[in-house]
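Shown next, in C-alpha cells, is the structure this report addresses.
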Amino acid sequence: MKFKMPVYQGPDFLSASLRNCPDAVTEPVVKAGVAPKNYHATTIFPEYYKIKDQWFLLQQSRMDGVVVLHDDGRMEVKEFRRLTAGEQVFTGRTEDGSEGILIHATGFHQAEGDAETFAFRTGRSRETSYSRDYDRLYELLRYEKEHGHIVWVLGPAVVFDWDSKKAMISLIENGYVDAILAGNALATHDLEGALFQTALGQDIYTQESLANGHYHHLDVLNQAREYESLAEFVAAKKIQDSVVAACVRTGIPMVLAGSIRDDGPLPEVVADVYAAQNAMRQYSKQATTVICLATQLHSIATGNMTPAYQVVDGVVRPVFIYSVDVSEFAVNKLKDRGSLEVTSIVTNIQDFLVHIQRKLV
Amino acid sequence: MKFKMPVYQGPDFLSASLRNCPDAVTEPVVKAGVAPKNYHATTIFPEYYKIKDQWFLLQQSRMDGVVVLHDDGRMEVKEFRRLTAGEQVFTGRTEDGSEGILIHATGFHQAEGDAETFAFRTGRSRETSYSRDYDRLYELLRYEKEHGHIVWVLGPAVVFDWDSKKAMISLIENGYVDAILAGNALATHDLEGALFQTALGQDIYTQESLANGHYHHLDVLNQAREYESLAEFVAAKKIQDSVVAACVRTGIPMVLAGSIRDDGPLPEVVADVYAAQNAMRQYSKQATTVICLATQLHSIATGNMTPAYQVVDGVVRPVFIYSVDVSEFAVNKLKDRGSLEVTSIVTNIQDFLVHIQRKLV
Amino acid sequence: MKFKMPVYQGPDFLSASLRNCPDAVTEPVVKAGVAPKNYHATTIFPEYYKIKDQWFLLQQSRMDGVVVLHDDGRMEVKEFRRLTAGEQVFTGRTEDGSEGILIHATGFHQAEGDAETFAFRTGRSRETSYSRDYDRLYELLRYEKEHGHIVWVLGPAVVFDWDSKKAMISLIENGYVDAILAGNALATHDLEGALFQTALGQDIYTQESLANGHYHHLDVLNQAREYESLAEFVAAKKIQDSVVAACVRTGIPMVLAGSIRDDGPLPEVVADVYAAQNAMRQYSKQATTVICLATQLHSIATGNMTPAYQVVDGVVRPVFIYSVDVSEFAVNKLKDRGSLEVTSIVTNIQDFLVHIQRKLV
Amino acid sequence: MKFKMPVYQGPDFLSASLRNCPDAVTEPVVKAGVAPKNYHATTIFPEYYKIKDQWFLLQQSRMDGVVVLHDDGRMEVKEFRRLTAGEQVFTGRTEDGSEGILIHATGFHQAEGDAETFAFRTGRSRETSYSRDYDRLYELLRYEKEHGHIVWVLGPAVVFDWDSKKAMISLIENGYVDAILAGNALATHDLEGALFQTALGQDIYTQESLANGHYHHLDVLNQAREYESLAEFVAAKKIQDSVVAACVRTGIPMVLAGSIRDDGPLPEVVADVYAAQNAMRQYSKQATTVICLATQLHSIATGNMTPAYQVVDGVVRPVFIYSVDVSEFAVNKLKDRGSLEVTSIVTNIQDFLVHIQRKLV
C-alpha cells in the first residue's frame, strides 16, 4: 500500500461565527524576554490571525511560544526568552476568532470520516496492537524519504546494542534521516562502540564487561577533545561503524545538546541549553515526521517545539510524531498533547529499529 | 553459526569430600500431603542422592518439591500435595553430600571457561544489548526443532496483535512448538480474533473498537460452550487464523489453566489449579527450552516446575528458559532463581515474535 | 470534613423516550452453562428491566453476567457457567430501553454538578496529586466502618514489610475490614512472617536473608497442612502477628483463591477457580467500598464481579473502588472500566497502608 | 534508637603489599581540557595517592574525575573540561597501590561484621521491605540536622501534590535541608502552585483543571522574568507556600539547572549545563547525605559528582545516598554504582515525603 496524505480542511472563514471577527491585537515588548501581560501563547495546532481584515496561517509554529508581528507583516513564533524590546506580540486568550485569533484543531479530523478510528486510540500500552502502526510507518517513511523531512530524536539506548546501532546507521545511509537530535551520551557511547566495541565498557554484542572497560568512555571523550569537531575526530581515527560517522559521511546534521549528566563533553556539544533549543528548532521546524526513541528528555523537548502541521509548497499537512519507549509513562508524556498525529509504541527501541531497517533497507 | 550444547561436568565423586558420604536417609509420610518434618526440598539444579553406596541423579526435577524413594528404587520428585501416606521421603537440609544429598549447581559453568561471560549478565534491562541473545535463540530453536522439546508459555498479549498472532501460528505450523501452556484468556481472545478479527472488541489490526464489540468475547465463550472440546468448536466453526486452531491442526498439546479472572470458561480449561499444575508439569518436565511471553502468572508457575537441566538419552543438558516482557520487574521475577540458563529480554513480545518468525520461518 | 454520600438520580421513566418501552424479553436456557444466543450481558452500571409494564432495578449485579428471571419474579445476575437448563434469560443488546432494558450510567454524575471535576481525572500517574484522594478515603473509611461493607483485595506485598503488615492487622482489629480476598501466597508469606519473621526467607524488617531461609515458606505450608483449617493452625501455633490470625481472632472472612503459582496449598485455599469466584462474589456483592492492593490478578477478578452501585436500605449508592499499585499499567487495568468510582493511586502499597493506619487508628 | 556512624577502617599501609609501593606519577596537561593519555580516573571510593613516600587521602572526590597535583602539594579532583595546560595529572590505571594509587573500597564494610547484612540488599524492588530503611533514615536525618550536610535533589513531582509540597517546605523550615539541586521545572511548578494553586493548570489539591489553566505556568515565567532574582520575585508577589520561597526565607541555597525542556527560564536558572555542574558540585562535595526524589536526570548527575565518603573534622565517614522513585529502573540507575551507601526505595515520592515530615517535624 502507498502512503496517503491526510487532507487538510481549513476553517470556513465565511461562516457566521468567523465572518465578522475583529483584527487580532498586538502589544509591544517593554522588557526584552518578557511578553506583554495578555500575550497569546501558541498551541501545536494551525492558528490563524486576522490582520487588516485578512486571516493568515501561522507557519513554523511550536507550542507555548508567542507570536511576533514584524513590521514587514511577517509573523514569527518566538520563545519568550528571544523577545526583544519593542517587538509587537499578539495578545488575547480566546481561540474562537472573537479576538482575531482562531485555533483550528480539527482540520485533519474532518477529512474522510476517520475521526472515529482515532477516537479509540486512547490508552496505548504494551497490549495495543501495533501491526498497522508499523505498516503505516513503513509507507510513511518511504514517502518522506522522497518528499519530507525526517527528524530522529535518539536516546543512548540506540547504540547500546549491535543490531540496533547497525540499523540506525543503515537508515542514515539510505536516506531515511534528515537530522538527528541527541545528547552527548548518545554520541559518546556510539564512538566508544566504534573504537572499542563496547558501551560503558560492556561489549555491545557479547555483553562481556572488559577489564578496565569503564575507562573506555572517558578515553573516547579525552581523545575526541583533542579535536575541534567530530568530523576531524572521525577522520583522524578512521571511525566507520558509528552513527556519528555515518552523519559525517552523509552530511546529515546532528545537534548534540549538553546535559548535567555529561562527562566530557565531546566537541560540538552545545553547553547552553537554550542555544541547544535554538539549534534543535532549526530542524524541528522543518520536520514533517519526527521519530523519538528512548529519551524522555529530548523527546519532550522536541515535542514542545514541533507543531502538529507543516506547510509544504503552500499545502498544510500533518507532522507525524512517533514516540517509542518501553515505558508507558514515557510515551504517554508526549501523547498527552492530544494531537492526532502522535503515535506511541511501547516496545524496546532495539526491536523497533531492526524492524524498520529490515523492511526499508 | 550452529548451536553448541554446553557440556555438563558431573561431580567428582571420588574426591575426598564426597568419597565417604553416607547414604541419604528417608522418612515415611504419615499424613497424606504432608512431608516428614526434616524433608529435603529440591532445587532447580542437578541433585544426586546416595542410595546403597551409589550416587543417583534426580530426573525430571522441579523446584521446591520433595523426593520420594519408591520401593523399586526409583526416585520421584513430587509436590507436597501429591504425597501419599507411607511414601518414603528423603530428609536432610545440607547440600554438600554430608547427608547423602549433593546439589551440583556448577556443572555447566565449569565447562569451557564460560563462567566470566555469564557473570556479567546481571541487571538486564531495557538498555541491555540483546543482539547476541537473539542470534543464540535462533540457533537454539533450529537445534531444538530437531532434537528438543520446546514449551511456550503464552500471555494474552500474544494474540492482541495481528502480526504477532500470525507469527505464533506460523511457529506452530513449522515445528518450533511442542506444547503451549496458557490460560482461558489467551484462547478466548485468540478465538475472538478468528471469528470477529477483534480482541475484547477492538480490531486486532486497525485498532478500531466495533459497536457492541464488548459482546464478542462473551459470544465466543457462549458459542464454544456448546461443544465438549476446542477441537469440536474449531471444526464446527471452521476456524483458521488462530493459535488454538493451529494446535488442533498440528496436534500440539495446549494446557489451559483456569483463573479467577476468567469469563466462561472455554471447554477444556482446567478449573482446579492444582490439576492444572499437574497437566502443565507433564510438559515442563520434558522441556529442553521454555519460552515465556508476557505472563507473570504462568511464567512463574512454569519456572517453579522446570529444572535447570534435563537428561536426554542419558546425557545431562541445560534447559534454556527465555522470559520476555516489557517490564523489568516481570522478567526479573524469573531471573531471580539465579540459574545460568534464564535469559530475560525486556521488550514487547509482539516484536519478539515477529523477529523470531522472520528469521526462522 | 465528613463524608458526603453522592446522591443517585434515577431515570425519568415518564420521559417521552422511556414511557412507551416494551417489556424486556427472556428466552430459556437449553443447555446448562450456555445462554440463549441473543442474551443481554450486564454492565457495572444500574440496569433497569421492564417486567409486566414496570421497571425494576437489578440488584447485586456484576459485569458480563446474564440476568435470569426466576418464576417468583426475582431477577438474578449469574455467570454463564452457573446457568441451568430451563432458566429464563433476558435478551436484547440495546441499552436505551427500546427493548425493555435500560442502562443508567449517569445516575451519580448528574448530581451536584460534580461532573466536570471527575472529567479531568484521566491519565492518573505517578505525577497525579493524591492529597485529596487520601483525605477523601479517610472520610470514606470512617463512614463505611459504621455503615458500609469494606472488602480488601490483597497481594502478597502487603505482608513483605513489617510496617505495612502491622498496619493491615491494625485496620482489621479496628473495624475497617469486612472481608479479605487474597491468594495462597498472601497467607503463606503472612504466616511465615509470624513464625520466622521472614518472607521467602528474608527478614521482613532487617532484610537479612537467613541461612536455609528458603525452607521457611515450605515449612509453614507443611506444618499448616497438618490441620484442617487456618484457625486450628493459628491456635495450635499460638500465632499472633499475622493478617490471617487477625482475621481468625475477629471473625473476618477471608477467601483464599488458589493459583497455578502455589506451593502447598494451605488449608482452606479454594483449588477450583470458579468455586473461588463464587466465594469471592459472596463478599464483592455486598461491598460498598473495595480496596485493591498490589495484585493485578485478584483486583481484576474482583473488579469484574463488583458493580458500580449498591442498594443499601432501598437507596442506590455508589461502590467506591480503590486500586493501588506502583505500576500505572496495573492500576489502569481496573480504571479502564470507566467507572466514576474507581480511584487509582500509583504508589507502593506499604506507604499507602501506613498512611491509612496512622490517620485512622 | 540513635544513629550510629559506621566506623571507617583505613588501609594497612604497613602491610607487605603496600609497604613498598612507589610514588604515584603525574604527567602535565598539554592541551586545556584534555588529560594526559594514561590519566587515572577517580572512583567514588576513598583513594590514596603516594607522594614523596607518604600516602594521602583524596578529599572532595567524585566519580570519573582526574586528580591534579598542585604545586603546593594539594590534590584536587577535576573534571576533564576544567583542566588547564600545565597542570600535573596523576596517571596509572591500577588500583592496588602498585603505581602509587590505592582504591580502598571496603573501609566501611569491614567494620562490625555488617558485611553480610548488606550483601543481601540486591535487587530492591516494589516488594522489598522498607520499614527499616525508613527507621534508619529518620535517625540519620536527626543526626545530620546537627552534624551533617543534607542535599536534596528534587524532581518536579515534589510540587505536583499539596501534601508533599507542604512536607518539603516544612523540612526546609525545620533544618533538614542544606541545599537543593533541581531544575527550572521544579521551581516553575512550585511558584505556579503558590500563585494559582495549580501545577500545569491542574489544581494541586482538587485535581481540577482550570479554564485556560495552561497559561498559568507561562504566566509565572513571564512575570518572574521581570525580576533579576527569585528572591525579588518572591518578595514582590509576597509568595508564601512555596519551596522556592522557603529557601529564600531560610537562606538555603538552590541550584536550578537549565534543560532543553524548559520554558522560560526563570531568573537564576543556569543555562550552561557545565556551569550548572560546577554549581551543583559546590554542594554535592560538602554533602554527607543526599536524597534524590523522582528525577533521573538530576539524580544521576548528582550521583556522578558525589563520592561514597566525606572527611569531616579529619574523620572519614560515609555519604548516604537515598534514591526514591516509583520505577525500579530509575532507582537502579544510581544503585548500579555498587556503593554500600545507596539506599533505593521504590515508591511514590509524595508518600515518602509525607512520611518523613510526619516523623521528623
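Each chain gets a letter, A, B, C and D, in the order it is written, and its residues are counted from 1.
Basically, a residue touches a chain if its C-beta (ideal position, glycine included) is under 8 Å from a C-beta of that chain, and two chains touch if they have at least 3 such contacts.
The structure presented is a predicted model; accordingly, all values stated were derived computationally and were not measured.
Student: So using the touch definition from the top, which pair is joined by more C-beta contacts, B-D or A-D?
Tutor: Result: the pair with more contacts is A-D.
Student: Distance from the CA centroid of subunit B to that of subunit D, rounded to the nearest Å?
Tutor: Roughly 44 Å, centre to centre.
Student: Can you work out the whole-Å distance between the CA centroids of subunit A and subunit D?
Tutor: So the centre of subunit A lies 31 Å away from the centre of subunit D.
Student: Give me the residues of subunit C that touch two or more other chains.
Tutor: Counting only residues that touch two or more other chains, subunit C contributes 126, 327, 329.
Student: For this assembly, give the contact graph shape among line, ring, star, complete and other.
Tutor: Graph shape here is complete: every pair of chains touches.
Student: What residues of subunit B sit close enough to touch subunit C in their complex?
Tutor: Residue positions touching the partner: 31, 33-35, 37, 39, 41, 64, 79-81, 93, 212, 214-215, 218, 221-222, 225-226, 257-265, 271-277, 280, 297-298, 300-301, 304, 327, 329.
Student: So in the complex, the part of subunit C that touches subunit A is made up of which residues?
Tutor: 123, 125-126, 328-329, 332, 336
Student: How about subunit D: which of its residues touch subunit C in the complex?
Tutor: Counting only subunit D, the residues touching subunit C are 116-117, 120-121, 126-132, 134, 156-157, 160-164, 199, 202-209, 294, 326-327, 345-348, 350-352, 354-355, 358.
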